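What follows is a pair of complexes built around chain A, which joins chain B in one and chain C in the other.
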Partner chain A sequence: MTPSLATHIAFVVLAALAVLSGWRVFCTDSMVRASFFLLLSFIAVGGIMILLTAEYLGVAMFFMMAVEMMVMALFMVMFMMNPAGLNPMKMVHQERVAIVAGVAVFGVLSAVAVLGDFPDMPLPAEHAPVISLGRELLGDSMLVFETAGVVLLTTMVGVVVLSSRRGRYGRADEGSVPPGLEPGGEPAGRPKESEEEKGEEGGHAHQHHH
Partner chain B sequence: MILDQLILPWLLAWLMAGLGAYLVAVLDRWMATGSTQAGSVWLAPLASAAWLLTQQATTTEAPDAGAWRLAPALYLALAATGLALVPWSPTLVGVDLATSLVLWGSLEALATVVIFLHGWSANSHLALIGAYRYVALGISYLLVSMFVLIGVALPAESLRWTEVVAAQESLWHVVSQPLGLPLFLVVGLGLTFWGPLDLADSTDLSTGTAVERSGPPRLVWALARAAMLVAFSAIAATAFLGGWMGPWLPGPAWLLLKSLAVLVVLLWLGRRLPRLAPERCLTLMWVVLLPLSFVDLIWAGAVALWMA
Partner chain C sequence: MTLTTLLVLAAALIGIGFYGALSQQSFVMLMMGLELMLNGAMLAAVAFWAYSGAGAPEGQLLTIVIMAVMAIEMALGFALVVAVFRAKQADTTEALSELKQ
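What follows is the complex of A and B.
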């Protein structure tokens, strides 16, 4: 099966898109933009995988990267306390190390591409990539694969249970206090307990006994 | 070859998107007013579309220019891609990939990104809240949808929509997997944020992610949501109602009828179901619907084993 002209054009366009959007990840100044440029780059790579007739892997790439980048963007925004993800910030750090690592990886990959010995056998006409991938995963490595699947599912259920606000003894955040600024100190960001008592519920504290 | 593989799927998908979106607008208005007293149900959507087209498309202060322009168009493109995957008959399919079922799943995942970008790029607080709200809810719909879709693919032993339909020759999935269709309909309402699950674009955020939208982009956004609802109905009819199968009529006619039935049910549910507060909705998704989708998957596996 020799690739058609359309395949060649599609490859060049997708490869350019992947490289350009991958480069933009480091030029932008917003975490959200960076995540979605990375997503665009991954989508282009997924397209190239489809061109290589790795259909399932290509489509799964869209699927997984879409959710993954979305969740990543969200978590970065949450942890950076940058509610809109729009505060300008630098996307590159440790530039010297990064430049050295980048040049080294580029050298290794180009060496593989130029010097490597790639198979050039034509694909058999009845080649079914989804089925062969399924056999690869569920044939010899069935036990490993299924175990990993069940473990992941259990983890998911566990995380949902642990992060649920409702528990056997009531809501998880009920009665919780923020940690103090020094060990064992007053809860941070709360009005002084005594003032609150006096000001609001002074006369009828006995009603609140449990 | 060019006619078959490029032009026909393109025409099929866009015709379906355009006519379907119009039909959604007409049906929804008809269900809302119950009569023709508030002007003609046939002309009203066209009138509001024309009105939006003549309006100025305003912008906000410092939006994310690319995403702000592209988001409605991208959502429409996702809907059209979804419509291209629908098999009308064993041979009349826009795009018949070996992984078309996974591609539908990835469209649902990419829709989350597009809806988030639509709200985020506006640089306006209500739109941003809508966007975050959709992500929180969208991930839970996605999981439910994934398990339901795996259940559909199991008896077919294939990820191709045409083979999913072919596997329903003896018994439709709506009967053999009774939990599947109801769960999938909830996913559909969530994906297009329609009716009670309209939490990302709800009125408490004064239309949420679309709050700063006006003019043609607003029209495209509304069109895209309606087209996505149509694509979803056609996929649901394919997955659970036996797609093109049926006596007397030709295949495409059956698919059209079944999709229409699902669409009407979705619109009716959208009008009838009560709306939940977002946090309660999230609890419902994770605590009730997600375990139900596990049950559906186990059920589908057991039935597939028993039938085989």
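What follows is the complex of A and C.
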């Protein structure tokens, strides 16, 4: 496999895009913007996979990550204090340790990449990656593939159980209060409803967290 | 585009993801750090497949397994975030001092 000049240029652009957008994920104010930066990073890596002639994986990456980041953006809006980036915010802890650890991981792994002696066996020119992947998935590695499917099904069941409101020991949100508008503040929303429930069910909404 | 540059790029993605997973307070941002690390792992797997595996299909298979792991991580992570949020009204790691209700 001898890459052309256009491939090299595309690789440099995509590599810069992947790293820069990956870095911006943790710098940007807005959580939704952060999830779109992560999507950009994934798409750049998908593009590099296509350059490496792993077309199936690259395209699968595009579709999978587009959907995944949409879900992530939705969750951001649901759970984050600052979904739209209206106020500048930075939510980090132990930042110095984290920076040192990240740089150390990068240093060690790139030392392995630079100093390591890997076998030089590039793709043969007549190799058909998608066909060979299909043969592998539905042939020799059928068991691996099917196991992944069963694990995904198990995950789906587990996720439904975990996020269901009604569990084995009663309602999942029993005893909880709506979150405050500011940390530690008065509960926001549903005040009337919780009052009524308190009257009916014997006052379970006492559990305030500080 | 050589194996070394690809692996250095993967190392950069893994390093940034590690920084994010360690430093972010919010659960969802923490998961984004983990995903970035898996992104680098996938890139490294494909690079090895293309440059030093003589195109053995197991390299692509490994990448598909990592993709499945990513989907599982995200689905379970979000379910746990929902469960923790219901129980404790917490969306940051520091709001939790114990896992038991």
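To be clear about the criterion, the second predicted complex is superposed on the first by the 128 of 210 C-alpha atoms of A that agree within 3 Å, B and C clash if a C-alpha of one lies under 4 Å from a C-alpha of the other, contacts with A are read in each partner's own complex, and residues count from 1 in each chain.
In this text, a residue touches a chain if its C-beta (ideal position, glycine included) is under 8 Å from a C-beta of that chain, and two chains touch if they have at least 3 such contacts.
A quick note: this is a predicted structure, and the numbers were derived from the prediction, not measured.
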Worksheet item: Thinking of the overlay built on chain A, is A:13 touched by chain B (first), by chain C (second), by both, or by neither?
Response: neither
Item to complete: Based on the superposed arrangement, let me know which partner A:142 touches: chain B (first), chain C (second), both, or neither?
Response: neither
Worksheet item: Looking at the overlay, what does A:122 touch: chain B (first), chain C (second), both, or neither?
Response: second
Worksheet item: Should A:60 be classified as contacting the first partner (chain B), the second (chain C), both, or neither?
Response: both
Worksheet item: With the two structures laid over each other on chain A, which partner does A:33 touch: chain B (first), chain C (second), both, or neither?
Response: first
Discussion item. Applying the document's definition of touch, where does A:71 land relative to chain B and chain C: first, second, both, or neither?
Written reply: both
Worksheet item: Between chain B and chain C, which makes contact with more of the residues in chain A?
Response: C
Worksheet item: Looking at chain A, which of its residues have contacts with both chain B and chain C?
Response: 56, 60, 64, 71, 129
Worksheet entry | Of all residues in chain A, those that touch chain B in their complex | 30, 32-33, 36, 39, 55-56, 59-60, 62-64, 66-67, 69-71, 73-74, 83-86, 128-130, 160, 164
Worksheet item: Inside the complex, what are the residues of chain C that reach chain A?
Response: 1, 3-20, 22-29, 31-33, 35-36, 39, 42-43, 46-55, 57-58, 60-61, 63-65, 67-68, 70-72, 74-76, 78-83, 85-94
Worksheet item: Which residues, counting only chain B, touch chain A once they are in their complex?
Response: 64, 67, 97-99, 102-103, 105-106, 109-110, 112-113, 116-117, 120, 123, 128, 132, 135, 139, 142, 158-159, 286-287, 290
Item to complete: Under the touch definition given earlier, write down the residues of chain A that touch chain C in their complex.
Response: 1, 3, 7-8, 11, 15, 18-19, 22-23, 25-26, 31, 34-35, 38, 41-42, 45, 48-49, 51-54, 56-57, 60-61, 64, 68, 71-72, 75-76, 79-81, 91-95, 97-99, 101-103, 105-107, 109-110, 112-114, 118-124, 127, 129, 132-133, 135-137, 141, 144-145, 148, 151-152, 155-156, 158-159, 162-163, 165, 172-173, 176-179, 209
